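Below, chain A partners chain B and then partners chain C, in two separate complexes.
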Partner chain A sequence: MKKLKPAAYALLPLAVAMAQPAVAQDTKELKIGVASEATSIDPHFHNVGQNNALRRHIFESLITTDANQKLLPALAESWKAIDDTTWEIKLRPNVKFSNGEPFTARDYIYTMCRVPLVENSPSSFTVFTRGIESIEAPDPLTVRVKTTSPQPLFPNNMTTLGILSASVFGAGDVKYGKDGCENMGTPPKSADFNDPAKAIGTGPYKLKEYTRGTHIILEANEDYWGEKPIWQRVVMRPITSAGPRVAALLAGDVDMIENPPIQDFDKIKGAGFTIVEGLSNRIIYIHLDQFEDKTPGVKGTDKNPFKDKRVREALSKAINRDAIVERIMGGVAKPAGELLPYPLFGTSKDAKPVAYDPEGAKKLLAEAGYPNGFELTLGTPNDRYINDEKVAQAVAQMFTRVGVKTNVDAMTASTFFTRRNKHEFSAYLAGWGADSGEMSNSLNALVVTPNKETGGGHTNRGRYSNKEVDALVQEAQRTIDDAKREELLQKASKIAMEDHALLPLHFEVTPWAFKKTLTYTPRIDQYTLATEVKLAQ
Partner chain B sequence: MSEQAATPAPTAAARPAEKAESLLLRHVAAFFESPLAVVGLAGLVLLVAAALAAPLIAPQDPYDLAQLDIMDGTLPPGAESLAGYTYWLGTDEQGRDMLSAILYGLRISLGVGAVSVVIACAVGASIGVLAAYAGGRIDSLVMRVVDLQLSFPAILVALVLLAVFGRGVDKVIIALVIVQWAYYARTVRGSALVERRRDYIEAARCLALPKSRIVFRHLLPNCLPPLIVVATVQVAHAIALESTLSFLGVGVPVTEPSLGMLIANGYDYLLSGKYWISTFPGIALVAAIVAINLVGDRLRDVLNPRLSR
Partner chain C sequence: MLVYVIRRLGQAALVLAVMATLVFIAVYAVGDPVAILASPQADQQEMEAITRRLGLDRPLYEQYALFVWNALHGDLGRSFVYNEPALTLILNRLPATLELALTALLISIFVGIPLGLYAGLKPQSLGGHSIMAGSILGFSLPNFWQGLMLVLLFSVMLGWFPAGGRGTTRDLFGVPVSFLTLDGLAHLILPALNLALYKMALVIRLTRAGTREVMLQDYIRFARAKGLSQTRVIGVHVLKNILIPVVTVLGLELGSMIAFAVVTETVFAYPGIGKLLIDSIGRLDRPVIVAYLMLTVVMFVIINLVVDLIYAAIDPRVRLEEAKA
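Moving on, here comes the complex of A and B:
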């Protein structure tokens, strides 16, 4: 090298530049086979996993979450509660939308105003904006949000709402009003966002092309304020059947797929691909009817056996969770002793799964007055959760062995949920993913006494009811102080679990499969984010 | 085959007064002239016998959940169980012995096929023969309903019906009867229209016999040969249809798998090389359908007067 002539030095940058394409080529395009297609590009249309994952590429939120659902600043630099009902948020300066407009408080207010205007939303985002009483902007990079009641989860709520550019749809100086805003221009319809010229956010990627059922193509946003995206172009292809999705990966049509089926892991690994697995926030559980005096799916007794805590405990003890995880889930799941996996907010380190004890179960059943057991029909969907019907059969096996002769009634998800919501099952297997990644969400959905007005217990179809748990959850939902709130939730969860309000089975584990040259950090929220797909070292 | 079968025909024509028993014997003899049909019949008898004797010969009762253990799941053929006996055809993911599951599955598949065909045949043939005898508007009405029914694919109709009814062996049978009766109605009506103009019907009418007696004692028995052929082939169809429905997850309950459901269970494991869960029930299903079809084909040859002349 010492002898290198100046001319050669002059050539060096060129050599580097020529070497660059070899590396650059690798990061030119990333093709992902996704298991379910986003139902709209509109960030506020449908609150569902695949939409929220896509939204993060294009429309950023004020606050975002990392792979473990810890809050991170995004468009907000910092946030704090000034008092019980006021949050002050400092917005990030020098951020530009992909059309060149600067991001200010106006865009935030516009977004909060637009969320309730979405039409025909299958699962609305208004739950996150409903509690906002007023929004003020003392300066363009500060907002003060007053809420109608104490809302400790306000920062969590802000992670779900992608910020729109106010000027794209002709808004003026937007004023927030709880019952309608001023100077909104023409608020967009959901379909308007299918046009890349209208889908303007601050995110690391821009929408390039959207053909429903075929692909979504994203292009790197060169002016992105944060870490520059690795991939120049990202193609998301919906391949909803598992078999063809695996085949597409093996054939090299895509670089990465979501949710490869557990049964195919050996095959995929054998073909030289990498599989990563991450714990999800989805629990698979069995809920038992604890409301009716005579429950429809139980035979051989006049009473509803599930009102007796001993029976619930017996059934929980009858389940060999380790065996289900190992044999049915192929090791790709984790036995559950609580509604969320540790260390998510509100979980306890010492919440262990109920131990497998068939003899103890028989004893408890006899004590409860069912020495000869009874007959039970267990309802389950057969196409909603990983191996749902197979897990239900395994549980039926285990119940039968302790004397509760169990039949499995398996059906497609839409039929299952309709029938479940009409309380047609005495026992059913289902799953719950806590979007917010903290315990109040799970408790409120699954064990709080059903109440139409407050929306509490909306998925508690076994109608478990415990005043102590209700009170604790309610108090937690009003408590701004994190440490105090966590303690309340831990307590509520412990009481519900000791009461066997429902029988937790396991936490699903989400797998991803991709080429050896890539890496991906598994996410608890199960999102597939192109920004997190890195080159393997 | 047809040349050989042709020999007894002139004798029959020469002696029309020959008794029914010898006619039957003649058909049986003709049937056994085809070695393929004999193989089919032997296979069918074997399968039916195995299915009937399943509770006696199966090492495990696959429908008794207390006998299954998921720790025995997806074992390859020839593996030992925790309890010490051998799974000759391996196990599925629930720890079901495949051999026992196939024997019990055959029971369901053959049973559903046979029962649904018998009921569909009885219903369809009665409607068909009545339509032919009544003629006129009733005939047109019935036949238009048949046309309408046959214009929908059977699998589609059955799927819709089961989506409404739910799961269960009885429900599968009802669905199969509903999709199949039209074939019999049409077949029987065809031959009844011909028979209706024959002299013996005229004679029966002259004797002022009650209509129901004419239809069911005189007309219907003479329409039987084509019906028998259709019924045999339809058993195979019914079995295939039931398997398809179970494969799609709408047929029998998951804890009482038929052959189609066993195949569906194993389908998930095919890519990972656990071939036995799908393959063996598949072989059993194919064997049953082929055997029935071989028998049905030969029956058609034997019973069809046009082919034997």
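Moving on, here comes the complex of A and C:
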């Protein structure tokens, strides 16, 4: 993909004449209709997708990820583990912040110190900094980070933390301390960043204007150290409802939108726009209560049937994943046999979705002592994932067909997650996006035995527990060597899947729609990055 | 008179207190904001830390007592999502909604009254019938569907107006308003029309009914007999007498347009307070929801009070003391 060179302008009239309705796109301005608005410009205020995507334009991190979540150097040139608990990072020389200040180790230390100081964060980034024991800077372009325990995911963690300029808020020679840093000046409040003069990063774009609910305007950073941004100006308009978002694209108000609804694909394509789809790191799954002896959503039996592996297997076999993908997701999804799509780190090529086999399911249920099945209530959100309630309805029908009479209890996300976290569902449909793009994240969240101390199994609301899986994941979390770690994770994943710890349904596919004159490479992390929107050739 | 006003204000305070309490408890009962705010990646420790930071770990009565204490000091709490005072968030968005509601009001008056007058004067004509049929559509078609059709027709197919959002703003007495710029007006026209359609239908019907009634009155005949021109009869004698109910209804409808433009603001992605309310409900941002509804109550109380006072001023037969019953 090349930028349009001045010489190419000579050819433009010809190109326009050939592609009749398409008007030549200049590179002055790119307008994007985003599905959710960043809640703050502060890169450390709210750890949530839309904020992290916006952050990448303004505040770069040491390490970044490509469209397939592979690590790439950004402000760090290289990084390596010196021993199990020490990482050495070489910083990129000759990088300047958008206010002209040079980027050095001081800014990195300042950033690590500032993350825990954010006030009233609704979802903090401290998970990524709390394992840091000490940070030293032998020279201005080298940092050595000691962690409290071996942290193989340290480089992944660094991809989420945008680097601030220490001088903007008057910091001196910052010294890192686990329980508080020295010479921090006046650490900024989150609202301070709404002012473009304070939102200083090294990124390809600078904040120009932020009007909450209306738009965020970014301006190209002319002195950016890397490849120069294509767009002079980027306008991000929050259009949270899908219908109006599509209308804005069709009417030409915006050049590109996030998440066009599947039902509108034909209309959008028919109007001469391009849609790209990419597999995401989000799996849609059904979790089953495997903890209580008497589970609230099951009727017709005194026991909790899901403690029996045969029942879980039967339910998995009862699901026709291809049919769900084809008929409900309009082909825009992929049946899942594991918690992450191949070839992400820790996945196996041979992890196939459980085959549809209703007869086998009935047989297994009979063996387990439920020849007449039982009654089940399946909880689901109805406004969180793509077609979530419809998928749950389809699954309920499939369960009912093998004898497990299933009702769907659908509700809005805020109510659903509250009730789920209180373990009110015996079976629920939900989704999980592995932010780090590797298997330890998914396993640790969804199938490891819940444990408050280690943070394991925090979203394992079915409370599945298997010592073997726990041990393997724990070991992987301590193993710095990539090959060894991947092997451990593959093994853990295989055991959990064979044990039907949960029922994987499908991986969501993220769509983007835009003008014919543009291209965009779909990203596994579902981010919309203006830097990756290019001109079509 | 003074006693009446004081009593009304006392009642208003009571309504405000009851409403705030109900909403506070209702939102608490709906769900746990942390469950929706926290990053899914947050582990148990992190979830607890967030709950503590937002003060949600305390028992409900403590949270409520704190809320009341702060509210009495003029602080309605900080938004969970934005960490900014809830009132500031709402006031920042208020100009957009006021602008929208007032434009809609103007459209419904300046289109509705002439059409209603025409339909009332010539009820049997083709025009009169068409206007009445049209007003039925304005009444009966759902608001969001009208909005979508407006977008489809004027933005997607004809490309005359943008499909949504707010246009360029310019400061007027320190308040950013968009009706002073061409771009702003272009953005304003469709949502305002959408919001006005229902009120317009209402005005047409009220005006028509009033006109037909007034036309049969003796003083109209008398005016005609005196030889006054048609323009004067309609412009002065008819219009003055039919305006009273229209103004009353519109005054109250203005309140509901400001407070509940939610549907229009959603369809047009218009950054007003209705959109803020919907987004806040979706994220269980309790301080914003409570502050918004309290503000709404205050607004309605004031509008009602003003309407009552105006009544008393206009019509000597109305005595404020009688409102006791």
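FYI, the second predicted complex is superposed on the first by the 512 of 537 C-alpha atoms of A that agree within 3 Å, B and C clash if a C-alpha of one lies under 4 Å from a C-alpha of the other, contacts with A are read in each partner's own complex, and residues count from 1 in each chain.
The rule is short, and it goes like this: contacts are C-beta pairs under 8 Å (C-beta built on N, C-alpha and C of every residue); 3 or more make two chains touch, one makes a residue touch a chain.
Since the structure is predicted, the reported quantities are computational estimates derived from the model, not experimental observations.
Participant: Put chain B and chain C onto chain A via the superposition and say whether they clash or fit.
Facilitator: Aligned through their shared chain, the two binders fit side by side on chain A.
Participant: Does chain A have more residues touched by chain B or by chain C?
Facilitator: Comparing chain B with chain C, the partner touching more chain A residues is C.
Participant: Between chain B (first) and chain C (second), which, if any, makes contact with A:183: first, second, both or neither?
Facilitator: Neither: A:183 stays clear of chain B and chain C.
Participant: Touch test for A:328: chain B only (first), chain C only (second), both, or neither?
Facilitator: Only chain B is touched by A:328; chain C is not.
Participant: Quick test of understanding: once the structures are aligned on A, what is the angle at the Cα centre of chain A formed with chain B and chain C, as a multiple of 10 degrees?
Facilitator: 40
Participant: Which partner does A:521 contact after superposing on A: first (chain B), second (chain C), both, neither?
Facilitator: It touches nothing on chain B or chain C.
Participant: Under the stated touch criterion, which partner chain does A:465 make contact with: chain B (first), chain C (second), both, or neither?
Facilitator: neither
Participant: Could you say whether A:243 touches chain B, chain C, both of them, or neither, answering first, second, both or neither?
Facilitator: Both: A:243 reaches chain B and chain C.
Participant: Kindly classify A:412 by the partners it touches after superposition: chain B alone (first), chain C alone (second), both, or neither?
Facilitator: Both chain B and chain C are touched by A:412.
Participant: Just chain B (first), just chain C (second), both, or neither: which does A:251 touch?
Facilitator: Touch partner of A:251: chain C, not chain B.
Participant: After overlaying the two complexes, what is the shortest C-alpha distance between chain B and chain C, in Å?
Facilitator: 7
Participant: Identify the residues of chain A that lie in both the chain B contact region and the chain C contact region.
Facilitator: The answer is residues 243, 383, 412, 415 of chain A.
Participant: Over in the complex, which chain A residues touch chain B? Could you list them?
Facilitator: 243, 246, 261, 263-267, 320, 323-324, 327-328, 382-383, 389-390, 392-394, 396-397, 400-401, 405-412, 415
Participant: Touching chain A in the complex: which residues of chain B?
Facilitator: On the chain B side, the touching residues are 64-66, 68-71, 73-74, 93-95, 163, 166-167, 249, 253-255, 268-269, 271-274.
Participant: Where on chain C does chain A make contact in their complex?
Facilitator: Touching chain A: residues 30-47, 49-50, 53-54, 78, 80-84, 89, 92-93, 148, 151-152, 155-156, 159, 162-166, 266-269, 271, 275-276, 279, 282-284 of chain C.
Participant: Mind listing the chain A positions that touch chain C in their complex?
Facilitator: 39-40, 45-48, 119-124, 126-127, 190-191, 211-215, 237-241, 243-245, 247-248, 250-253, 383, 412-415, 417-421, 432-433, 435, 441, 445, 450, 452, 455-456, 458-459
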